[in-house]
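I have a structure here, written as structure tokens, and I will follow up with some questions on it.
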Amino acid sequence: MPQDKPSTVAGEYPAAERSAVELDAVKVAYGDRDTSYVAVARADLTVRRGEFVAVVGPTGCGKSTLLNIAAGLIRPSAGVCRIDGVPLDGLNGAAGYLFQADALMPWKRAIDNVAIGLEIRGVSRSEARERATGWLARVGLRAFTDRYPHQLSGGQRKRVALAQTLILEPKLLLMDEPFGPLDAQTRQLMGELLLGLWSEDRKAVIFITHDLEEAISLSDRVVIMSAGPGATIIGDYPVELERPRDPAEVRHTAAFARLHREIWDHLKSEVVKAYAQEDSR
Amino acid sequence: QDLEKTHVELGVGGKPLLYYLPLTIAEQKGFFKEEGLDVNINDFAGGSKSLQALVGGSVDVVTGAYEHTIRMQVKGQPIKAVLELGRYPGIVLAVREELKDKVKTVADLKGMKIGVTAPGSSTNNFATYLLHKAGLTDEDVAYIGVGGGATAVAAMLRGEVDATSNLDPTISTLVGGGNAFVLADSRTEAGMKEIFGAETLPAAVLYTRDDFIKENPKTTQALVNALYKALRWLETATPEDVVATVPEEYYQGDPAIYAEAVKNSLPTYSRTGLVTEDGEKAAMELLSFDPEIASAKVDLAATFDPTFIEAAGKN
Amino acid sequence: MNRRTILLLQILVGLGFFVIWHFGTTVPMPNGKPLINPFFFSTPLDVLARTWKDFASGVIWRHLYVTALEMVLAFIIGSVLGIVVGFWFARRALTAAVFDPYVKAANALPRVVLAPIFALWFGLGIWSKVALGVTLVFFVVFFNVYQGVKEVSPTVLANARMLGMNNRQLLRHVYMPSAMSWVFSSLHTSVGFALVGAVVGEYLGSSAGLGYRIAQAEGVFDVTGVFSGMLVLTAFVILVDLMVSAVERRLLVWRPSAPTSTAQG
Amino acid sequence: MNRRTILLLQILVGLGFFVIWHFGTTVPMPNGKPLINPFFFSTPLDVLARTWKDFASGVIWRHLYVTALEMVLAFIIGSVLGIVVGFWFARRALTAAVFDPYVKAANALPRVVLAPIFALWFGLGIWSKVALGVTLVFFVVFFNVYQGVKEVSPTVLANARMLGMNNRQLLRHVYMPSAMSWVFSSLHTSVGFALVGAVVGEYLGSSAGLGYRIAQAEGVFDVTGVFSGMLVLTAFVILVDLMVSAVERRLLVWRPSAPTSTAQG
Amino acid sequence: MPQDKPSTVAGEYPAAERSAVELDAVKVAYGDRDTSYVAVARADLTVRRGEFVAVVGPTGCGKSTLLNIAAGLIRPSAGVCRIDGVPLDGLNGAAGYLFQADALMPWKRAIDNVAIGLEIRGVSRSEARERATGWLARVGLRAFTDRYPHQLSGGQRKRVALAQTLILEPKLLLMDEPFGPLDAQTRQLMGELLLGLWSEDRKAVIFITHDLEEAISLSDRVVIMSAGPGATIIGDYPVELERPRDPAEVRHTAAFARLHREIWDHLKSEVVKAYAQEDSR
């Protein structure tokens, strides 16, 4: 996939430049006609090249659904998803997807799970394994290379999956609660790792998280979804904190606190609404 | 003598059966080798399967029932017998011992269940023939396929059939064990006269495809020679001679019963190797209850080629 | 790729088969003989005509009934036994370990050789045929159930145990549903084997049934009769399998259906 | 419950079986006859003596070799075909849907009736027996592979696709390993069926092999010979199955072993 | 299981009273002799009746392992686990366990998954389903009763599992990151729900979380584990904030902030140590 790496920083793209991901009036309904459940009523979202977008929203609103659309794993019921300006048909080959659920191959050791992506791209086995070892070390699992997934803890499995995705250096990163089962400290380390990689070659990132601080400290933009059914995108907050950032430090700035409170209130009202709806049913 | 073919694939449906004893004798006595033949004997689960192998070309010659040559003529498959091995069919109609008081003649079988090796087989034809002679029809009895081995014995022991039309060693096992008595016996000259009014009725024969005979006359001759030697040997052999010749496996199960069965069977083997015209007719009559055969025109002369046995008889 | 296209294609394949068969057996080759020897394969038109005749005259019904009965009994008894013993073995590691070689040995015994013993034990009626079918069905189902139980997700199992399920309840709520797809996979094979068992049993000794008719036809070299019998068998087994599939669809509703639309992150 | 206890128990079960057989066939009941008719079941001592004799004299080796060769060939060809076609069908929904009824019908055809056709196509040598075995092995493996592929975890599959695997790579890295336990479950059944196919083939028409020997013995009411043949078969299949199990253990190392110790929250 | 419900508040138990869970010099090694991995070197932990203990620690240190021990799912390699003073042998029937990984029965609808625990205890089907519906409503899933697990989002599945465990009102609750995949607001709601239940009949709770604020705001004690391999318990902080608490409000008190900083620093040093270890290997 030859592609000229964007050399400008986020936010400075000429408007005419094609975006990395563009969800255009996307609607997703699950089930067949009589049992249809409209998860996402309408989502319009544009992620520019090299942009780091965080998505937050109440549980069950349709965040994973949107990632699946961008990955090409499910097709929108209406609307289109464009990747680099081209409507997506079938799988999105340029994307790396870190799934919310366990998705490691249980029959492969940690190192093989990480190396496999390179191997199928024709990298020699020994080189692939070597680079995989390097990646496992970066996510703090140097001692666990030879474990099968069922011999790892939840957080360890997640980190293996992280290494598995990052090793391929995809142009577009789709991450569904990547740091969910990690302790706060490891979470920060992983966040720094991710930001470091991102700043090297400015991939586009869509990052789902429930941790609002994490969302703000890492991203260029925080997108808020409303509660389902029929979720839509109800908020889009640009994060104007300078780059490069130290995600641990940036939390203590006033701008951060202001943004945090703003988004938090918005989100909170949304969830309260959802529960009220639920109760009135 | 230079044969067209020294390696011959021979098919047989149940080699250890006494029906095919001449084959085993020829094999064990080395008669095939003496004729310069290398014969591989393929044993099949039944005569019909060995015939199918012949038509399909996987075997060259078959030792099987003469009636197959008639059937194949009706089906348009050119097959000929070249040597008679058995002159009596050897089929016996035996009845369960417990029915001794009730069943005196074939006519008394009315309403009973008769076991045959397989529906439509020669044992079935034999029973049908006997019933018709006794004035009964097929509707008066029920035929049950019981196979030729232990199943047939089991069916009689359990009383699931009242009578059985079967061959040795099944019959000898049943009769020897005191579980059945004989009603009609085609293993003896007297029995033959009584049942068919004929001296002989070709039973086991050596048959093959016409084109095989045409292409391999010398090989065919050699085969006939070897088997004819076996017939000659059997003419004078005692049951003990036979037991001493056949492989141990044949009598390992129960030597006494085997010897008894051999004794009963020795008269059934052909003396001349020749299928007589009377025999052909009797065989035809036996098949006359099969609608397919009855409605067809059969050229009996074409079922047997006597030239080879005549040549064999000369030297 | 909707249902009608599939049905159409299926019919096309079936027709193609018949056409090849027809021309193979009737059109002479340069050497004067047809490519496929009708002595072994009959011709499709003859076979269809015979089948039609058998049904029209009604003689076939009794035989079909006998075979169907044997098959259904063999199928039910064999699968129930296979399921029960499979679950039992899967839950008792010791029993399973001890009997393992014997089960495998029993599976390897040629059924044809056992036929006389079955005839001895169960007589010549339908039960000896059922027994033969059961010995085929049982093993296929058994091995799959045994494996299916072992494949239960350890987390789901641990959760169910923590919820307080006893062994019986685990069986009912965890092992059985989880092993379901294994069971159904084996049932598809078993349907066929149940029929094979019944027919082979009849073939070896009986007084009615499709196997009996096939044996009878074979005895007089009536290939048309043999193939007509097989055609009826075939049609029948497809029917039964359709029923198994219908039950399967009902019982396995909980599965993600189309792979693309269920990649729930 | 260590290995030695299990072995001991296994031997005990085997011995118990022989003891029952022995006393059943030799000790007369009040009615003067033994409980089990030795005419149909021989006696264990006779069977063992005969088996010993056959091995001592060496006649059995040639037959054992022929049967073993047929079985191994049938097993390998049948499972490879089953695996290949199973994967193929599982990946091509349309092919699978269209051919589904035909595969099921083919599975239901009684092999005994097909024997003459196999003899016609493959001759009377080992290949017709191999073909018979293949028709049994194939279906068992096929149905299991087909199902096994459908059972792949959708998330793992989606992940593998996102990693960029093409169909061939998916097969190699996802479908095959995931379907492994299904394949092995079916292989255990198949080993038995491969042998059954070989023996039945020999039984129906051949000039060597254990099935041939059994048929010979049956023809002359030599039950001892029949049972001795079956004993040899049994021992042989257990041996082969042990090998399959060993391979299985090697290939499935990645699974959680003991259920209690793996309840990883 | 007749048991007199403790009527005193946490911390006031006479020393002689038997504890709900007592881990006594527990050691856990995975694998067989040659591949042995000592996950937990020595854990001593006593949870009194009615006590709410939170466990925090770096990822992969052995938190889930300890819960599995208390649940009786794995046996310690050394040491004992006592439940109500009796050494545990086999499964711990009195405990409810909310697993870290997906553990719903995929072949049962949400409502049946929740109702099953009651059903197997002999509650009539209709009553069980009725109560299950109530519980699903409490976790905000009234509209999702008839869904199969694969039709639910990650957070929804977790809440079904929560309802499944809580409906049985176990004497001892083992919770492994129960609110992990939930958004912050729902998390608070669920925390309040849990505290409400707990204050009704004071179950003993062991609560694993990576969210330190959550740990402090909910629990009576926060236990810290060291990084593995050979993890031990290295910290035990009593939370002396008054009950009943509003978990959302308590976060803003000074006592909370002090405790938070204290534990945070302790944890951070631990993780840093772990990574240093990893790097030097």
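Think of it as A, B, C, D and E in the order they're written, each chain with its own count starting at 1.
In the analysis below, a contact is a pair of C-beta atoms (placed from the backbone, for glycine too) under 8 Å apart; a residue touches a chain by one contact, two chains touch by 3 or more.
None of the values given here were measured: they were computed from a predicted structure.
Student: What chains do chain B and chain C have as common neighbours?
Tutor: A chain counts here if it touches both chain B and chain C, which gives D.
Student: Two chains share more C-beta contact pairs than any other pair here; which two are they?
Tutor: Counting C-beta pairs in contact per chain pair, the top pair is C-D.
Student: Report the inter-chain centroid distance for chain C and chain D in whole angstrom, where each centroid is the mean of the CA atoms.
Tutor: Comparing mean C-alpha positions, chain D is 17 Å from chain C.
Student: Using Cα averages as centroids, what's the distance between chain A and chain E in whole Å?
Tutor: For chain A versus chain E, the centre distance works out to 28 Å.
Student: Let me have the rounded angstrom distance from the C-alpha centre of chain A over to the C-alpha centre of chain D, please.
Tutor: For chain A versus chain D, the centre distance works out to 50 Å.
Student: Could you please state the distance in Å, as a whole number, between where the Cα atoms of chain B are centred and where those of chain D are centred?
Tutor: Centres of chain B and chain D (C-alpha means) sit 37 Å apart.
Student: Do you know which chain E residues sit against two or more other chains?
Tutor: In chain E, 30, 64, 71, 73, 97, 99-102, 150, 153-154 touch at least two other chains.
Student: Which residues does chain D have that touch at least 2 chains other than itself?
Tutor: If we look for residues of chain D contacting two or more partner chains, we find 40, 116, 120, 154-155, 158, 203, 218, 256, 262-265.
Student: Touching two or more other chains, which residues of chain B qualify?
Tutor: Only 52, 56, 149-150, 154 qualify.
Student: Going by the contact rule at the top, pick out the chain D residues touching chain B in the complex.
Tutor: 39-40, 50, 115-116, 119-120, 123-124, 203-207, 212-213, 215-225
Student: Per the contact definition, I'd like the list of chain E residues that touch chain A in the complex.
Tutor: 30-31, 56-60, 62-64, 100-102, 137, 140, 142-144, 151-156, 159, 177, 180-187, 189, 210-212, 229, 264, 267-268, 271-272, 274-275, 278-279, 281
Student: Taking the complex as given, what residues does chain B use to touch chain D?
Tutor: Result: residues 9, 11, 14-17, 40-45, 49-50, 52-53, 56-59, 148-150, 153-154, 169-170, 173, 249-254, 257-258 of chain B touch chain D.
Student: Taking the complex as given, what residues does chain B use to touch chain C?
Tutor: 48, 51-52, 55-56, 71-72, 75, 77, 113, 118-121, 124, 142-147, 149-151, 154-155, 157-158, 160-161, 290, 292
Student: Could you pull out which chain A residues touch chain D in their complex?
Tutor: Going through chain A, the ones touching chain D are 71, 73, 91, 93, 95-97, 99, 101-109, 116-117, 120-121, 148, 150, 153-154, 161, 164, 168.
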